[in-house]
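Below are structures written as structure tokens.
Here come two complexes built around subunit A, the first alongside subunit B, the second alongside subunit C.
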Partner chain A sequence: MTQQLAIIVLVDVGTALTSKTLDGNTYLFDNMQFHGSTGEGTGELVTAINGSYWQDGSQGTEEVLNWLPYSLGSIPPTLPRGYHAERSRQSDERALADLRALAEKPLAGAEAANEVNRIHRGVGHRVKATGRAHGATGHKLLDVTGAIVTDIGSDTHSYPGPVITDIRGQAVDEKIMYPSEYGSPDLVTDGWYWSATVDTSRPGTYSYTMQIQLHDLVQEGGEWHWEPVTMTCESQLRIITEPRRNGFTKAGMGVLPIAVPAPQA
Partner chain B sequence: MNQQVNIVVVVDVIGALSDGTLRNGNVMMVDDGTLDSTGQGTPDLCTVVQPGQVVQWSALAVDLQTPVEIRNITFLGAEGNGSNGSTPSASADGEKLDLETWTGVVPGYLAPGVAQKYRLELRMHEGEHSLLQIDSPALMCP
Partner chain C sequence: MPTKPRQQDPGPQRPISITAVVDCVGALASRSMHGHLYLYDTNKAAGSTGLGTEELKTWVKRGDRLLWNALALECEAFVSIDGIAIDKEVCEPEEKVYPGTDVTYWIGTVKKDTAEAIPYRLSFRLGTRAEPITTTRSPALVGRIAGQARTAQQPQEES
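This part shows the complex of A and B:
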């Protein structure tokens, strides 16, 4: 088959960080339900890989898998790369304009202090990052609508998207698939993606483990940081292989089925 | 002369399913024959072949994550009428088209210079709108 398979790993990042596990907080999808994948949209996805072999027993098709991690509760990765920086800059400009307006207003001490506090809250919080917190490094904390988060304790905020950092386990150990991380021109995936070729010559069900990095918001020495948190989630490949056959004859190769011309009278 | 001629059907699956047609630039066909085939890069490819040569068809998707398989190839005869009906039969789920290879030997009785048109049926994913066909490509002996 020439079609490549995509496996979407959708993570409820906030809940996964709170409950410290990806179990029950990961939703897996692939584009092969019509070829027999099961558990679509759950954490129990079994990806069907239908291989084939030639008459001499050699592998007839090569399968390629691509993994794409997505986040529930994050600013969409499809926004321009500069979105976070732009929103941070806009909020600084707004605060400066508000301060300028305040300076021109004759306000009493207490009133002026309240106003300054309001402007200060509206500035939001810059968050530093270690690890690979996509698009959020050094910028202000935003919510999923792109608004500046003013009160970290009570407001909900957007998380950096999940990052796959390794794929391993039975399917890799037994050389059923050969996963690797590749550079990509697609910045939706942060310029990287995991892909694998699959050996379809050994049918069976094989498990594998994805190591996924999430980022939790923590305060340290008065500063907010995105701290990388590594978790793992399991999935499975179910490989079958069947003999290839000729579409015209449903068996071996023959003469093309073109009608013999009728004899001229 | 090569013993085998390969015909590759390149399909923009999303375009074809959106338009409901394999025309409008959604299919282009090319072959690697050494004779003077015409219509390369179009759905009107006429592949010039010699008797005894092996012809192999394969389908490729422009977007590698979209599914496309050849479902059937039917030669339409001299009058251009297929032995089958003109609309593709309903797609049967569970057809394992990915296992099929479309290969055959050019028979010795083809009249030179007469284009043998064929109906190419493609299946993209499954369901009632998944089958589309064209009647325009052909094989021809020089």
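This part shows the complex of A and C:
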């Protein structure tokens, strides 16, 4: 059976935008450490990929890689897909309720104006995007606790998650992997994800480059919007022919995941 | 059209995020966080060290807000922070919930600058396991005074 391997691309978006590079601000993980991946949690991950082989050594099937880009220091990807939209709607409802309550109060002119200003500030700001700021475009600006940002210039906003826009390089050029972007019902990836089938018949180490789009909050013509900023980062695949093992029992991938008895002393 | 970068207002700042990336399968299999936990923060530019290890040292100063959250290496797995054991005179993190969800985070404010690193321990709820698992190695908050002492001792490394 083809194994689904995952590579998490964790980006410190705020620092990457400030320093204008993903180098030193990107941390990569996979679920293949047990099979020999190295550099887990660093920018120098080498993903070990072991294929499936018949007894004569020929390739049994390809492997499948999935990439999951996450943002460090933003609201977490475990929140529901429509969280921005829901929080925007709740804030509008709260403002309408406050306005309704205000209309029923016999307040003097200045006092009423202050109250209207307070409600206006609490409404927050909708921000549009010219790139692919998944989940955040067209909705209100949230901070990292999920609260509406009322002062847009205060630099308290949460950044949209990074978006992979291309995967290329040696591993693609040499037809070791065939990456592409797919639609998905997976809520964690906001409906899109990058995946690749990997030819495991040619062992070796191959590099690849991810093109990643971040989004910076900028003001243009009096309006704020998410401006796409494209950067790249590199990683490597190491195709190996070692047999696969069960991550829990350390045993082979037999019919039953039975643990290997400890060797007798 | 030229764009104007976001304002650098010295007013309220976003909290320093401290994120725990957890290999749930590995931690559950070994019943230990050791070797299955990667800690990061968003304050590397200010001097935080040990990113990607279990002994993250987050550079903080009095008044900084700190936000802890957790991510699972495999998106199907569940992980959350169950508790943070830290000197309450330095910080008292509280568990909060993202409004309208059951996703939690911990947040607290650094109460004072310290002359030494303040170690703390994190406990995690993993999968369906009833008992939380606590870190065996301690991350720490490194205050401005402790950081200055370190800088004085290691001028070349910091330059």
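Some notes on this structure:
Operating definition for what follows: the second predicted complex is superposed on the first by the 206 of 265 C-alpha atoms of A that agree within 3 Å, B and C clash if a C-alpha of one lies under 4 Å from a C-alpha of the other, contacts with A are read in each partner's own complex, and residues count from 1 in each chain.
Methods note: contacts are C-beta pairs under 8 Å (C-beta built on N, C-alpha and C of every residue); 3 or more make two chains touch, one makes a residue touch a chain.
Computed from a predicted model, the values in this text were never measured in an experiment.
Applying the stated contact rule after C-alpha superposition, one finds that A:E242 touches subunit B and leaves subunit C untouched. In the superposed model, A:T61 lies in contact with subunit B only, and not with subunit C. Of the two partner chains placed around the shared chain by superposition, neither subunit B nor subunit C is touched by A:E174.
Judged by the number of subunit A residues each one touches, C leads among subunit B and subunit C. Using the contact criterion defined above for the overlaid structures, shared-chain residue A:A6 touches subunit B and also reaches subunit C.
In the superposed pair of complexes, A:S52 makes contact with subunit B only, with no contact to subunit C. When the shared chain is aligned, subunit C comes close enough to touch A:H157, but subunit B does not. In the superposition on chain A, contact of A:N31 is made with both subunit B and subunit C.
In the superposition on chain A, contact of A:E44 is made with neither subunit B nor subunit C. In the superposition on chain A, the residues of subunit A contacted by subunit B and by subunit C overlap at 6, 31, 34, 247-248.
Residues of subunit B touching subunit A in their complex: 54-55, 58-61, 64-70, 72-75, 77-78, 93, 96-107, 109-111, 116, 125-126, 139. Those residues of subunit A whose C-beta lies close enough to touch subunit C in the complex are 6, 8, 10, 12, 14-15, 18-19, 24-25, 27, 29, 31, 33-34, 40-42, 68, 70, 72-80, 83, 86-87, 90, 143-147, 151, 153-158, 186, 188, 216-221, 227, 247-248. The part of subunit C that touches subunit A in the complex is made up of residues 1, 3-9, 11-15, 17, 19, 21, 23, 25-26, 29, 38, 40, 42, 44-45, 51-53, 67, 69, 71, 73-75, 96, 98-101, 103, 105, 107.
Taken together, the subunit A residues at the contact with subunit B in this complex read 1-6, 31, 34-35, 50, 52, 60-61, 64, 66, 242-248, 253-261.
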